[in-house]
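Both complexes shown next keep subunit A, but they swap its partner, so subunit B is in the first and subunit C is in the second.
So, the complex of A and B:
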């Protein structure tokens, strides 16, 4: 046959050099390959992350001596008792309600955007979608929050816009509502909610989009073909299949809101959220055990949340 | 009798692409109708037009005499077996099959009983608790069929349903589909790019190309009397030869000549053997006759010449079919 050199060996000579030989050896030992790949992440998660969590947990079972302000390194539930005082319970309830509201609103807002991106956006429209969603993440979080403070302020653009649209009565009505109202949006829970929603929204859109991307269009056609109205298709097929993505997104929005201490500090009234409580307790108050106990709250809540989601079959479609 | 599906001047254009272009079609009640064509020929779009996933750009579609343009899929009593089955991954087999009844508001116990019956029909009784992912390709195919039948549709649409199956399973499913269709007396519309499958299963076949129907007829019509060079080429295995060489017409016309009609004959034309393939019952010879390539199927009991040898072949001119139009 022409073009084929039959004098060529069937097996080529082994590669030389220590790196090449090590690589060749690892390739021949797949288990070693896997081991080397997971080693860094195991060290990171196992020692740095889990280790820190355990240290935190231990701290929360210590208490503080009220006179000297020194941490007493003895096992006690005293700090948790302190955590359950009405004032601290209010902080927890406030934070959890805010996190839940932000998560639900983010899911409702994210779904249509993610659906559009997964189903209809192609080529440059898809690129535009990714840029549009990710772009806000490129700028500093602090800058965005301060920008929102100005937007929401009494003299801000939103008040001006409502006035121009002759809707000042609507804004005033909203602000006069109990709990969610206030002197202006920037010092109300509504303002805090809007800023949280804005800064965490991308973390909901991306996982929902990824989960919708994996739902073949034929499944929706099949549902429709079998007689499901658009509403039924959504409820019985699309939503259950997107649920793992929504749960993934809600883990971000929920836990990020639970732990944040900057947004409520800048936009909102003076009532504390968990993050601020932790900040105050470990800083000014110097009560490390109580700060640790506060930090355990979001961890426990997320644990319960994930366990409940699993029970309800949120991960069945995975 | 009202036809099951009729198309009158139906077009479906996507921008400048004419996926379906002025198609006229009448599918009879209770027949097994195949839409055959290469990919991009418009056959699948036609199926989707019947299902309601696509709406025509122009023309008129009737299903059992009722206008169907603008009617969404969920208001059509037509069900589809999808190419990759499109089984719901988050439901077990029973819930997949029962889905059509669930959306109609049928109670749990009743719809599960009906789904069990539907599974029996496709010989999958007792598989209800499994997940779609745990089934083989052939079993998924049956589940998809059971699901499509549960609403007792007037027309069943099948989009390349056997494409993903291996040969043996495909032949078995062809037989079963055909049997089921006869037993139920339902209209089946079947899309395929496999000529043998279309010809062996269907009562009638429509051959598609370029968004238009090239020929509609019984399997035998399509096979014996292809209307155009395209149909003869696509339905395959047939030799498309100049009509004067075949001995049935003038130069410039084309004729089709079945490979099994070419015989080894010492008094025939001279032919060079360029290829030889043993197929068991027959031996397939690739021949060159006056620069024209021909395929011949020679019964296995005859002695066949080897590659490179010269032999002689002939055929009965009456066996050659002169094609009416040029395409």
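So, the complex of A and C:
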């Protein structure tokens, strides 16, 4: 085009080419434009995915005929009642206690790492801490589980380390304890706990470090100038300010542990966790209603958890 | 916050101890890849050898699993890029009925435990009579990859001024030209970051895959089978090492490219 021709109307003549013409038409009809943009996602997520999800949840209100093994399509709370049987209740309690233990341990372990990285690390150390968190976070999930199989093996490095330090009695003592012990570390709750802790720890460190980086250093100096002992300034200044970060991290560690079924299958004893229960009920056992009822448990627990976390302002720290 | 004083000794020990806990297991994989021991996870290794690297390179099943994983990751990332960008553009640029619902819908597949997404998709596939194939794996992966692209793109769309689009159109660009010459250059880096994250997530996914793959074996499924029933420990060691190397290099690159205070793409996984 060369300059403006004021004698022509400001509206351009229709363009040639079917593609350009169609695009122009769509742009002139904003409602159509938006409709076309969200159509694929609505079809896939809104109808297929949500539909399947709802179908699954509806099945939890069906029950299974104990003799024929056929699903009875009648509304009942019987399947939810089955969740309260001692065996199934144990599965739920075991999973929730594991998730709680992993979350608390992750918070305790993450805090010094995050605090050091945020406040003191510089130069080479800063790089090392960055890689130290990012590498385990980004490494393949199964490779991490595999690495722990190497660590926890009976003939592996941990047993060797205990022997070198003349602490074999300590390891044996730990393994002979009633609940957390077992034949070897790789078939005990301690082993399952360690693997969970390792895999989800970076998800705790990152939000805690983010919240600590926002704490002005002057605040801590002011606390100690005003006579607070290090313990007091931790309890009254640092910890409350880091709390939203810890809660944000706990959402990850807690929910990821609740839903996992691979770690307890590979490292642990044969007692089931919720994820494994779902897997066996829908697969080999063929009891889809019970599997569906089991999947509702983590959804409800996380719903309550997120509601509480939101009240404590955790979402601002993400 | 940053301090010029020295860290208390206890804190330093705790932090370094934590760092060792995070890095030692991964370092261990590198040692085991060269061990001569075949039947157990014996430590310390009785001897070192490089012959297992050659053995692994000659294994057809490993190559096939790798090829399938790369193929699935590439296709689902492409799908996620298209769907995620479209949705992000709609949500960021206009108000319409169901807008809030859509932004929640996109997050759901990653917010719910993978096992729930897996079972739902499996029952959807059997309900729709879709046989398990590479494409069912791709659909499963795309479902949770969309949110990664969407998150990156929606943030960028919000920061890009809508006046740019209006200006392009006023100057006579048609819809296609506006998209290629104005919108795409503006969102390109966000799409690149989102695409890389989605690719990595898909490449490593195992839980949803166990429900949506028939007899197909992706690399994570191969690893899982090897973990549940170890058959060839030395080969698994080498594969594990290779996977770690593939993940380390982008992290190092990202660190050196963005260490001047830039926000890294990976820091918000």
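Keep this in mind: the second predicted complex is superposed on the first by the 236 of 318 C-alpha atoms of A that agree within 3 Å, B and C clash if a C-alpha of one lies under 4 Å from a C-alpha of the other, contacts with A are read in each partner's own complex, and residues count from 1 in each chain.
Just so it is clear, a residue touches a chain if its C-beta (ideal position, glycine included) is under 8 Å from a C-beta of that chain, and two chains touch if they have at least 3 such contacts.
Computed from a predicted model, the values in this text were never measured in an experiment.
Touch check for A:157: first (subunit B), second (subunit C), both, or neither?
A:157 sits against subunit C, while subunit B stays out of touch.
Contact-wise, after the overlay, does A:240 reach subunit B, subunit C, both or neither (first, second, both, neither)?
First partner only.
Is A:44 touching the first partner subunit B, the second partner subunit C, both, or neither of them?
second
So which one touches more of the residues on subunit A, subunit B or subunit C?
It is C that touches the greater number of subunit A residues.
On the A-aligned overlay, A:216 touches which partner chain: subunit B = first, subunit C = second, or both, or neither?
both
Pick one for A:300: touches subunit B only (first), subunit C only (second), both, or neither.
neither
Identify the partner contact of A:227: answer first if only subunit B is touched, second if only subunit C is, both if each is, neither if none is.
first
Show me the subunit A residues, by the header's touch rule, that subunit B contacts in one structure and subunit C contacts in the other.
Residues common to the subunit A contacts of subunit C and of subunit B are 216, listed in rising order.
Give the list of subunit A residues in touch with subunit B in this complex.
216, 218-219, 221-229, 232, 236-237, 240-241, 316-317
For a test of understanding, state which residues of subunit A touch subunit C in their complex under the given definition.
So the residues of subunit A touching subunit C come out as 1, 12, 15, 19-20, 23-24, 26-27, 30-31, 33-34, 37-38, 40-42, 44-46, 48-53, 55-56, 109-110, 112-113, 115-120, 122, 127-151, 153, 155-157, 159-160, 198, 201-202, 206, 212-217, 230, 255-256, 258-262, 265-266, 275, 278-279, 282, 291, 295, 298-299.
How about subunit B: which of its residues touch subunit A in the complex?
It is residues 51-53, 72-74, 78-80, 82-84, 86-90, 99-100, 102-104, 147-148, 151 of subunit B that touch subunit A.
Could you list, by residue number, the parts of subunit C that touch subunit A in their complex?
Its residues touching subunit A are 1-3, 6-8, 11-12, 14-15, 18-19, 21-26, 28-29, 32, 40-44, 82-83, 86-87, 89-90, 94, 96, 98, 101-102, 105-106, 108-109, 112-117, 119-121, 123-124, 127-128, 139, 143, 146, 169, 172, 174-176, 200, 204, 206-207, 220, 223-224, 227-228, 236, 240, 243-244, 247-248, 250-252, 255, 259, 266-267, 269.
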